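Next come the structures, one after another.
Shared between the two complexes below is subunit A, which has subunit B as its partner in the first and subunit C in the second.
Showing the complex of A and B:
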């Protein structure tokens, strides 16, 4: 857990914490403005409804799940009630800033763990391990603490400093933070879970997965890749069943608060409204357009279809990449992000953080360069905001514009997922055939195609 | 003078009394209605028929002003004027170029709007032949003691009235509908007013009793609009309706003016067409029929003319001293009591036991601590 970073990284982490603590206090309208924006918060993760729930519980003492407004699970409300009885802004900022810093620190930890694992595997797998010089060079680059930003990535993973810079200066991460969307808690627990998988603390990671899926519904699907990961390590079915039972117990434990609020109501508000897509709201995702344009006769069909679509690639990814379970986790999380029904930019941030850490050895083998995806993403984000404004405020465009750009956004993420899959497959092929690719020119010699 | 003659004389005198009593009963011109309804329908749509919408909305306003409640008014409009993109005064409909009154206002209740204004719906409305799904706010729930005022405006012709450019209603349809209403005892008296071209032809085929009809123009005669507004760009009111409203503006709930006065106010110089009346089906003499029999509502209150000056009584006490009653002192205890009454209780449902919210907090706290404990334990790999 102890990170060895250079002074600059520590400085940036500290400044990041302070900025994220103080800026929303002084620019409080920023948070409201971003919270109202459709890119950053939807019904299930908006800060407004969280505050509303807390108000209903604390001041008015009514059951917040009576109506349809609050979609946050009761334990989250309870957590905030415990810490923030007086509804002071500062404590909200503090909680969010601390969460953000924990994410950053754990991200660095994760990156380092991945580097170590990669090094160990390389030493372990490489039978022709003669190129000691090359590995030493990689070590030197990875542990190089007093240097400039590295653009050349002879090592497979990004340098700590780069990770810190990426996280602290990424505008999307900043904006998603300032919008105080509660997706940040889901992201926190996903990162914690991934960390604990690498440190082989499986119970804790199952606990974190259960919290994560309790907060939002979709990480529930990740139980499959995680059990696969544990199996790859332990290789005993009994223990897998043990962990599965732990998972179920933890979920039930977390759900005990539901009974106090009316079990049916809580399930209705928090989970059924996600599964059955009860609140049809235009957002970045794929689902909403269908439900406003089709006949009501087909509603149930499409709900079933989209839910299946969301689940359908989890098991194939798990099975195909069962020897590289971290990759299967990466692809499964990305698939969930693509096919969620209420996606926000916070999900895109999760995706980019995963690319930064797990996906970084795969970047060499990508067919579409990441730069291109980023440029198109930039255009798409501008257009999303523009077309939403045009549609809602100026009453000049219509839903088709916004959904069109939303489709492009989803295609981007879809292409990225496909590309990373391809990248992983070609990397596996190279490793199996003991071909070493050192740089771009060598990469151009062999062209792999899929049959 | 024998006894027989005296007896016959006495009998004859008594008979005349009896007969005259019956005549008195027959010619008792007090209406026997107990409630008033109004059906106001504009059968045209589109911007250039602004005046028809304004006609109906003016009648609606008048009828409401004189006391008929919304629950007893059926308003059928295409309702495409106020929010029409061509409306220079969005959300407003005026019936006069001085734009003094906004007819669209805040609380008009349109029962049938847009494409619901059809011949079928109109006839069903009159005869009350609906399936069970029709809400009662859209039905004409009249009985045999109801006086109904029916006002129609739009584009019409020789024995027909055009409904929204798609269909027509003929005078025969209307007459048959009224006959069905009579058979089903759905009205006491009907006052039928129609303001279209060749309007008088529409009431020629009525054959049910107790219907009084007025129309704005004869066969082969057009009804004209009164004036238009430069800024709105179209005509805002029709002549016949304008002069009706002119008369009705001076009527209040206690007025004693009669229908005959109304009809006398129709002149060719004003309306520029020959207004017609059909009164042969109507049993009462028009000079005994009050305007408020149709345009107002039967009042359940009696207006009392007070002898004394209420303003004086309100501001002076018994001894004649001036008492300023604008500032009222409220006891603090009263306020406190009121605060307690506004306590909102935790909502209890059938499935949940009546747990107050504090136990929820406790449970939540315990749960969080439990989760933290499990976290700590599992991070030390005991499990």
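Showing the complex of A and C:
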């Protein structure tokens, strides 16, 4: 599907590409600085260790997985070895800039696909209830300046131009890009996968999911909501089983690459280090604090608990929102982002991009305004940096302060997830009970309360 | 959830939400008052704590000190030679010191440095002398520094300090107890020379002695044998303080030797009294000195901050006391022996504290809420300017983009202004700059009146309210995030910004005095006005231009980031208030009646549509 954008958007996308190509080339210290910050990269997705791995392969010609320094999957290493044998900075930047632009274009595409799907569903619904109600037609007039952010009424999707603006000028996305964390590739495949789900290229999207889970393990869980998505469309258990077998085959095919480097070593370095939380490194997540030395005898318990915790809501979300498979995917991805063990700002960016696209019809039903969450999030991020500086550089703070603020950060994300769950529930309730939602100037929504 | 639901319903029943909304501004003023009173309450008995040594290994004054009469003779000998050095150039002095310390078995070295902002006649290079004694029992990885600058912070020749340093070097070299290396450091002065040595030690010097655990700066300007009391200085740069254990040790040992200890320049007449106001004075002076560290004249120990070095300055005061110079030496000796006992780095006690008396302190948990409460007050004011006007939520949100752009422009222009000044520190006429800053401050503060009378710049009222709301929020963020690393600066800025609570968007319906109130509030809270305030209230500075000079040069000389806090935080926030306070709102064409906000109703009350 071709994108239909106005000139402004094309211009911004082009400038965005050039900026993201040239800035890291000329300010390479910025990238190193951000790469060293725990907010933007951890050892499983840091660019520095990726380069070390490439150096081990290309220059020293030894197996990078012999030690436990390299935790990037072989696919990524082979990809960079193939494309960039001479280790030139320009090629690296080019690959990253192209990846970034693909994400942006695919994001726009995804947004448009969602709009189209929504429109089709609306028409379908309108026909259904035509005799019983007169549903208020959505006025698609893009009237005054004050409502520019919202393209059309009744909680629909954002205008393309706004998505472009959000993506190109969001400081967190920019910083996360400049840190060159490899999380960007996982994010790319998630976006591609979502796109292909909407265009019904299920085999392709299963392939992309397998690459995604191969790159960073946790997306593996997404197979459940995706199978549900496919099932809601084709309603055939047999085909679902077929897709599941596809998925397993893809994963196995990708794993054959591991044999080039020694199967056991790769599994140890890339996956067991994630699942068993082998490297205790302070980060944004919930895990690390529980693995510090004084709780050592509980380690196995915590490993089991946290792995269970990151999986535990996947099936409930899939089951509860099985009629809204896109929402269930959204919630599952956000749940993984909340509970994964080495989260970075790149994950937060993925979350905000999903809110921007899938979540945008629900924004009007939120109980806590997103603006407020964003303001608090900003403060929390500033504090996180400060506390890390206090702890590591000045030695006058300690891990408790840092983890405390990290906890607030996670609670905020958790709040957002809960709020989106709630708003989806209330939206379905309104629809089931055929209550009109007046989203006029006064936001006169009848609010539901939980008792 | 049921409890929260109950509270929610109670709010609804008594119509509390609109009532609270109406009184947001008075709540915020109340909160700021609480925040200030919080600090005033701390010196009341029962609110503070007595100091104690938290790290058991320190054992201050447990060993008998041998720096006594026999050493006194050696000291006198050195002193009579040191007095002769005063007229010599620095390199010649250092040559003499080198001969002395080499003969004691020290490894000596000299450190050359370049003045960054030279105003000396002798040229722009200087020389620091230092000597290392490797520990007879240690693993050669940690060191303690004994520093005595040639010139004290008051500008006097440090006769007693230098001769003590050499005679203690002599004494230390005869003891076999040391498990940490000892560095005797004689810098040219205690500000930039000392700082550049500390920096070079961690980056470029060839002869080093491991990581520095502690540093003591000795200042003993007189050439007599007696002193009255000692003064302990402990503030570092950027809100850093030495570990409380180290300060406690100094106080404990000093009192054990019979000295009276003075903190924060407490005069001798106040040393024996311990009333509420004495404690309050030390507390407030502590906050002030910490906030302007890097700007005021150096106290010596601040040069060590930034590398996890616990450092204090011990200064001898008075010449006619009953205590003698070896007693002073014994305090330093006992401190060295305490640090020598340590097996780990200092970590037990507090790194953030405020002293009330040598033996009383408050820790961070007790005083931090004050700035937190003030920050919350500003946040409430932000909500107030967002909600308490005649516009609806979506009308207000409509101006978000324009507001963000203006805000960014203000911040970026302030940063460019600040950075360009910082880059050109060597070519600035500071007198002129100070005059320019202060006159611009006055002129901009008068903008509300000038604009009303003559220029009449106007803007959309929604934009103004939103902009004001964002500016209050900016101050909240500034105070809250800064308070974690640099409480004193955060508190001072928050208190100086308090007048901004009274800046209001000018409206025709308002009282006639509003422009004048705006002007006065803007003037009082301007960052440049605080230069005037600092000059007239402290009398520490020669001129106002020296304050400006120190503000600008403290980054390159001492890595103190006070200037950055001003240009990133305070100045943009103030400029935002100049905009909101002086620009007139456009007369509203369609005066939208403020309707009642959507009322929360429970699910049972929703009437389902009949099918």
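Keep in mind that, in the parts below, the second predicted complex is superposed on the first by the 413 of 451 C-alpha atoms of A that agree within 3 Å, B and C clash if a C-alpha of one lies under 4 Å from a C-alpha of the other, contacts with A are read in each partner's own complex, and residues count from 1 in each chain.
We take it that a residue touches a chain if its C-beta (ideal position, glycine included) is under 8 Å from a C-beta of that chain, and two chains touch if they have at least 3 such contacts.
Keep in mind it's a predicted model, so treat the numbers as computed, not measured.
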Partner chain in contact with A:62 - subunit B first, subunit C second, else both or neither: first
First, second, both or neither for A:383, with subunit B first and subunit C second: second
First (subunit B), second (subunit C), both or neither touched by A:394: second
Contacts of A:433 with subunit B and subunit C, given as first, second, both or neither: second
Those residues of subunit A which subunit B touches in one complex and subunit C touches in the other: none
Footprint of subunit A on subunit B - complex, ascending: 344-347, 349, 351-352, 355-357, 359-361, 363-365, 367-368, 370-371, 374-375, 378-379, 381, 383
Subunit C partner contacts - residues on subunit A that touch it in the complex: 132-133, 145-149, 371, 375, 378-379, 382-383, 386-387, 389-390, 394-397, 401, 433-436, 441-451
Subunit C - residues contacting subunit A, complex: 1-2, 5, 8, 240, 306, 308, 345, 347, 351-352, 392-395, 397-398, 400-401, 473, 477, 480-481, 484-485, 595, 598, 600-603, 606, 608-609, 611
Parts of subunit A lying in touch with subunit B, wherever the complex brings them together: 57, 60-63, 66, 74-75, 77-79, 81-82, 201, 203-204, 207, 211, 246, 250, 253-254, 256-257, 259-265
